[in-house]
Amino acid sequence: MATVNMVQALNLALREEMDRDKDVVVLGEDVGKDGGVFRVTDGLFARFGPERVIDTPLAETGIVGAAVGMAAYGLKPVVEIQFMGFIYAAIDQLFSHAARIRARSRGRFTGSLVIRTPYGSGIKALEHHSESTEALFCQMPGVKVVVPSSPRIAKGLLLSAIRDPDPVLFLEPTRLYRLIKEDLPDAEYTIPLGKARIAREGKDVTVIAWGSMLHRTLQAVEGFDAEVIDLMTLNPFDEEAVLQSAKKTGRVVVVHEAPATCGLGAEISATIAEHAMLHLKAPIVRVTGYDVVLPLPKLEDYYLPSIEKIRKGIETVLKY
Amino acid sequence: MATVNMVQALNLALREEMDRDKDVVVLGEDVGKDGGVFRVTDGLFARFGPERVIDTPLAETGIVGAAVGMAAYGLKPVVEIQFMGFIYAAIDQLFSHAARIRARSRGRFTGSLVIRTPYGSGIKALEHHSESTEALFCQMPGVKVVVPSSPRIAKGLLLSAIRDPDPVLFLEPTRLYRLIKEDLPDAEYTIPLGKARIAREGKDVTVIAWGSMLHRTLQAVEGFDAEVIDLMTLNPFDEEAVLQSAKKTGRVVVVHEAPATCGLGAEISATIAEHAMLHLKAPIVRVTGYDVVLPLPKLEDYYLPSIEKIRKGIETVLKY
Amino acid sequence: MPESVIESFHVKRLDILDEHGKVDESLVPTLSDDELKKMYELLVLSRIFDQRALNLQREGRIGTFPSMMGQEASQIGSALAAEKSDWIFPSFRESGVYITMGFPMHSLVQYWSGDERGMKIPEGLNIFPLCIPVGTQIPHAVGAAMAAKYRKDRVAVLVYFGDGGTSRGDFHEGLNMAGVFKLPVVFLCQNNQWAISVPREQQTASRTIAQKAYAYGFDGIQVDGNDVLAVFKATKDAVRKAKDGGGPTLIECFTYRIADHTTSDDASRYRPKEELEMWKAKDPLLRMRLFMKKKNLWSEAYQKEVEARSTAAVDEAGKKAEAIAPPDPKDMFTYTYASLTQRLTRELRDF
Amino acid sequence: MPESVIESFHVKRLDILDEHGKVDESLVPTLSDDELKKMYELLVLSRIFDQRALNLQREGRIGTFPSMMGQEASQIGSALAAEKSDWIFPSFRESGVYITMGFPMHSLVQYWSGDERGMKIPEGLNIFPLCIPVGTQIPHAVGAAMAAKYRKDRVAVLVYFGDGGTSRGDFHEGLNMAGVFKLPVVFLCQNNQWAISVPREQQTASRTIAQKAYAYGFDGIQVDGNDVLAVFKATKDAVRKAKDGGGPTLIECFTYRIADHTTSDDASRYRPKEELEMWKAKDPLLRMRLFMKKKNLWSEAYQKEVEARSTAAVDEAGKKAEAIAPPDPKDMFTYTYASLTQRLTRELRDF
C-alpha cells in the first residue's frame, strides 16, 4: 500500500494504464524528458519511449486537434495542457470536433481522449496560471469534465477518464498536487464518472464543492450539521445526488473559486430551483470568486472563497 | 423615417458611426467587396475604402488578436466573425487579452472593440452555422455580451457597443435578420448596455428571453397575464430589472435556444434563487434547447423551444 | 563571416497534360487504358453529380451546397492515388473525393438535405465526415498519421483544404507537427484562387502556396490542378514517399472554383467575368477527353455511354436519398455521448 | 512545360562581432563612442538586474522569474534600434527590452513580486504589458501596425517571441496578415534553442526560423543573437524598411538561454552540460567588452564604474519596489470594466 500525493497518484494511474493498454499515449509540452512541469508524467518517457510519451511543439490547437485524429484512428491519447490558462486555443478543436465527431460520424469515430490540465488558484502563480473556467466546458454537449479532490480519487477518476468512450477534460487542482497524501489500495480500482460523493453526512445544510474548494469547505463546516458533496464529475454532474441531498436538508450552499456569473454554481442552483424548490427553506447561496479579472498573487487570497466566507454563506442559509 | 429590417439597421448604424468617427474600422472575412455574407457591411467598402473596411485572411485568431492591437492603438475596430460557430478560435484572444488588457495595463490600454457575429438556429443552415453559445462569453469578466431583438433595438445597441470602452460581443440572431421590419427614428439614438426592457407588462409570471426566442415568447404568452423581459444585454445583465419582476410575479420562466446546462438561464435562475427566493410561488422553469449536439436542419425544429414548449413551461409555474 | 547564405530553396511546378490535350511523355504516369478510362469516368460522374446537386438545391430538395465544378482533376487525381486503406480527411467541397473513395452518393445527397445520417461512414472506409470549420481538419490528419506511425501501419494520410485554409493556425500547427515527427501525410491544397470573395493574393503574400512547406522543413510542389495526370503523379509520389518514411509533402493544386462559393453566394458581386471565362477554357474534363481521343480511348459513343451511366447512377442516388424516411426526432439524443446522461435521460423522457 | 522551378529563396545570416571581439568593419553600424558605451552599459545593467531578480526570487521576495541571461545582445541591440514613438510588444522574458525602452525597473520588480500595479504602462511609452500566453502578442503587434498605417503614423512595431512561439497559430496568422497588408512590423524571434525542455530541432523541422518568413512573402534573416552590433544593424535596417513602407521583416536572433527556463525549472533534467558551457563562451557582454577595449572605450576602471552605477540603480529599484504599500484588496474591482456593473457594485459593497 503506497502513500502518495496527487501528482504521484496521477503518475501511477498513467503508468499502470499504459502498461495495461498500449493504445494509451501521452502527448503535450514538456511531458517527455522533463516529466511535465508538475512531474505528473515523470518517468513515463524513460519507460515507454518517445513514440508513446510525446513532447510536442508549442501548439495547443494542434495538440488537441492531433489527439482527435489519434482517437479516431483508435488510440487513447492523454493530452497534457500545461496550465488551464493555455487551453483556450484548443477550445475550437475540443468543441467543434472532439465533442462532435461521434455524432457527426454517427458513431463510426469517437473523441475518446483525455485532456489533463492543472487548474485553479492558490499557488501564487503568474497570470494565466490560476484559471478556473470549468463551467465553460460543462456547457458543451459531448464533453465530460472531471475534478479530483484527493490522490486516491484522482487515480480512480483518471483511469475511468482514460477508459471513457467520450472526451474528458480532467482538471487537476494545482493547490492539491502536493498538499495531501493518501494511502492507495494495491488492487486496481476505478471511480465512475458522473457520480458525486458524500464527503460528509449532515442534516441542516448541503454544501457542494469540488477540487481544492472541497477542502476549505470541509474545514468551514466544522461545527455545523452540514452535508458536503464532492461533485467529482462536473459534467454530466450527478443531479440525483444533489437533488436528494437538497431535498433532505432544504438548504444549499455551492462553493467554487470561479466567478459567480455563469459558474457551475449557477447550473447547480438552477437545477435545484427547478426540481427541488418546494423542499427549500432558504435561498440558494453561492460562495465564489468575484466577477473580476483574476488578481495576481498579492490579492489572490482576497479573491478566493475563504473559510470565513463559506461559513458566512452557511450561516446565511441557516438563518431561515 | 426609414422602415428597415435588422440587416439594414445594422448597416445604417455602422455607416453613421463611421461617418461620425473615423477611428471606427470594420474588419473580417468578406466584409469588403462582398459586403458580408449577410450583407450587413454592404456598401461600406465603396464608401470608406479598403483601409477602413478590411477583408482579412481566413484567420479568426489573428483577426481578433489584431483588433486587440488596433484598439490599444486607439482605433475602434468592429470585427465580423462570419458565424458564431467559427468564433472558438478567437476565444483565446478575446478571453486572454481583449478582456484583460485594461486590467493588465492598469487602464493604459483598453480592449474597446466590438465582435459582431450572426448566431442562433432556425434558418436551416449547415453544421456550425446555428450556434448559440452566448453563456460561454457571459462567464468571462471583462467581456460584454449583447443581443438585439428588433431592427430599432439593433441599431441603438450597436451604436452603444461601438462607443463602449470595453470589448463587446454583439450577437445577431440570423433568424431575425430579415424577419421583421421596423421604423427607425431619423434622429440619432442609442440604447444603453446593461439595461433590460419590459417587452410586455404582466402580473402572473415573468418570462425572460432575448434575440429570436423573444418573438416566440411573445407569441407564446398570448392569453397569459405574463410579463416578458427582453434582456438585450446578456452580460452584465440587468439583475435589478429581473429581480424586480420576479418579486412582482413570483413565477419565472427563462427561455433560450442554447442547451440548458450552464446556459444563461442557469445564471438568471440562480440569481433569482439567491436574491428573490422568498417571493417565489413556484419553481423556476427553463425552456431551452436539449443538451445534445445541435442537430442538422431536418431536426432543428424539434430541438428549438417551440411556442408549445414555452406555453407548457408557463402553465407549469402557473399551477403553483 | 559577414552576410552569408545559409539555406536555399527552389519551388517546383508540375505540368503534364495541357489544355490542348498535349502531354509531356517523359512524365505521364504509367496507367493502363482501363485506369485512364476509370479516371475519365470519375471526372464525368463527379461533374454530373455536382450539376445534379445544384439542381436539387434550386428545387429546394437539398440545402446550401458547395459546388466543386472546375476542381474535378484535383479531387479525382489525388484520391485515385490513395489506397482504400489510406486515411482521407476532406474539407467541405470534396464530393469528388468521396465519390472516388467509394462513399455512397445517395448518402451525400441525404447529408446535404440536412440529415446527419448521411454522414454515417461505412465500415472499412477510412474517410472522415466533411469538415466545415476551415482548416480544422488538418490537425486531425496529423494525429491519424501519428497513430499510424505508432502502430507501424503502412498507410498514408491525405488531407484536403483550400487556399483560404492555409491562413488558419490549424494549418500551421498541423504542418509543423508533421514536419517535426516526419509523418506520412500528404497535404493537398486546392488553390482555387478564391476564399468566398477573398482572392488568393489577399489571402497570403507568398507567390505560391507550395513554398509554405519550407517553413516546416519538407517539400512543397505546385501542380496544374486542372491536369488530372499531374495531380495523380504528384500525389502518387507523395503517397509513396510517405509510406517509405520520407515524411510529409505539401501539394498545391493550382485550380479554379468555376461556380459560386456555395448556392448562397453570388460571385458576380466580387469576381471579374473575364477571369471566369479564362479558366473555363482550362476545363479539366475537356483536356482529358482530347488526350483520350489521341489514344483512341474516346469516341462520341463512349461519351454518351459514360454520361448515360453516370446520369443513371446519380438518378438512382437521388431516388434512394429521397426514399429515406425522415429521422426520428429522438435521434438527436443518440450520439452526443456513448450513453445517455441523467439529464439526457430526463430530457428524452419528457420529449 | 514539365517540372519547372517557379520560385527560389536564399536565407541569409548576419555576423559582425565575433567571440574574440573581432568585427567586420564593412558592416559595423556607425555609432558614436557614446552610443557604443550606452549600448554596453545597458548590457551590463540588464545582466545585473537579471542577477538581482534571481536573488530576490531565491529570498522569496518576488515570485517565479524568467531570466534573460545570455540574450542581452538580442534584447538591447533590437530595442536600441527603435525610437521612443515606436510600439513594442514584448513576450515575458524581455527585462532587457523594458529597461532599454525606459520602463522603470522598480515597476518590473513590483510586478514580479505579484503586484499588477507594476505593469502600469507610463504615458508616452508605447510598450505593452508582458504577455504570458506564448505567441499571442504577435497579432496585437500586427493590429497596432494596421492602426498606425491607417493613421499614416511613421512608426514601426517591434514584437518579441521565442523559438517556441513560432509553433503557435498566432505566429502564423499574424505574420501572414503582416505580409498581406505590407505592415510596418519587425518580428523579433529570440531563438534561444529551447522552449522549456523542448530543443529547437523538436520545435520545428525547418533548418532556420528565418526562412519561415518566405511562407508569408517577406524576408527573414538570421543574426548572431549574441552579437549586439549585428542585432542592432539588422533591426535598424528592418525598422527603416518598415517606416519606408517596405513591409515586415522576420529577424531570427540566434542565441541561448543560459539560465533555467524560469526559477521553477531545473534545466539539468533535460539539457546537456556541454552545450551550456559551449554557449557561455559566446557571452554577448564579453565580446562587446573586447571590442570596446580595442577602441579604447573600455578600462577596468570604467567597468567598475559601470557596474557600481548599475548596481546602485538596481538597489534603488529594489528599495523603491519594497517600499510600496501592498495593494488595497478592493483594487481588484477597479479595472475589469471601465465602470462597475450592478453585480460588481454589490460584490464590492459586500466585500
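First chain written, first letter: the chains are A, B, C and D, and each begins at residue 1.
Rule of thumb we're sticking to: a residue touches a chain if its C-beta (ideal position, glycine included) is under 8 Å from a C-beta of that chain, and two chains touch if they have at least 3 such contacts.
Predicted model, so just to flag it, every value in this text is computed and none were measured.
Novice: Counting one step per pair of touching chains, how far is subunit D from subunit A at the shortest?
Specialist: 1
Novice: When I count C-beta pairs in contact, which pair ends up with more: B-C or A-C?
Specialist: Greater number of contacting C-beta pairs: A-C.
Novice: Nearest whole angstrom, what separates the Cα centre of subunit B from the Cα centre of subunit C?
Specialist: Chain centres of subunit B and subunit C, defined by C-alpha means, are spaced 36 Å apart.
Novice: Indicate the whole-number Å distance between the mean C-alpha point of subunit C and the mean C-alpha point of subunit D.
Specialist: That pair's centroid distance is 43 Å.
Novice: Using mean CA coordinates as chain centres, what's the subunit A-subunit C distance in Å?
Specialist: 40
Novice: Quick one: subunit A and subunit B, Cα centre-to-centre, how many Å?
Specialist: Those two chain centres are 30 Å apart.
Novice: Give me the residues of subunit B that touch two or more other chains.
Specialist: In subunit B, 57, 59, 61-62, 85, 88-89, 92, 96, 103-104, 127-128, 141-142, 236, 261, 291-293 touch at least two other chains.
Novice: For subunit D, give me the residues that contact two or more of the other chains.
Specialist: As it turns out, subunit D has residues touching two or more other chains at 116, 133, 167-170, 172-173, 176, 180, 202-204, 335-336, 341, 343-344.
Novice: Looking at which chains touch which, would you call it a line, ring, star, complete or other?
Specialist: complete
Novice: List the residues on subunit B that touch subunit C in their complex, please.
Specialist: 29-30, 32-35, 37, 55, 57-62, 85-86, 88-89, 124-129, 260-261, 290-293, 295-300, 302-303
Novice: For the complex, give me every residue of subunit B touching subunit A.
Specialist: Counting only subunit B, the residues touching subunit A are 61, 85, 88-89, 91-92, 95-96, 99-100, 103-104, 127-128, 133, 135-136, 138-142, 235-236, 258-259, 261-267, 269-275, 277-278, 280, 282-286, 291-293.
Novice: Show me the residue ranges of subunit C that touch subunit D in the complex, using the header's touch definition.
Specialist: Subunit C reaches subunit D through residues 1-16, 18, 24, 26-27, 167-173, 176, 179-180, 182, 202-208, 210-212, 214-218, 222.
Novice: Can you list the subunit D residues touching subunit B in their complex?
Specialist: Interface residues on subunit D, with respect to subunit B: 87, 89, 116-117, 119-121, 123, 128-129, 131, 133, 136, 138-151, 169-170, 172-174, 176-177, 180, 335-338, 341-344, 346.
Novice: Under the definition above, what is the set of subunit B residues touching subunit D in their complex?
Specialist: Touch residues, subunit B against subunit D: 25, 51-52, 54, 56-57, 59, 61-75, 77, 89, 92-93, 96-97, 101-110, 141-142, 144, 164-166, 194, 236, 238-240.
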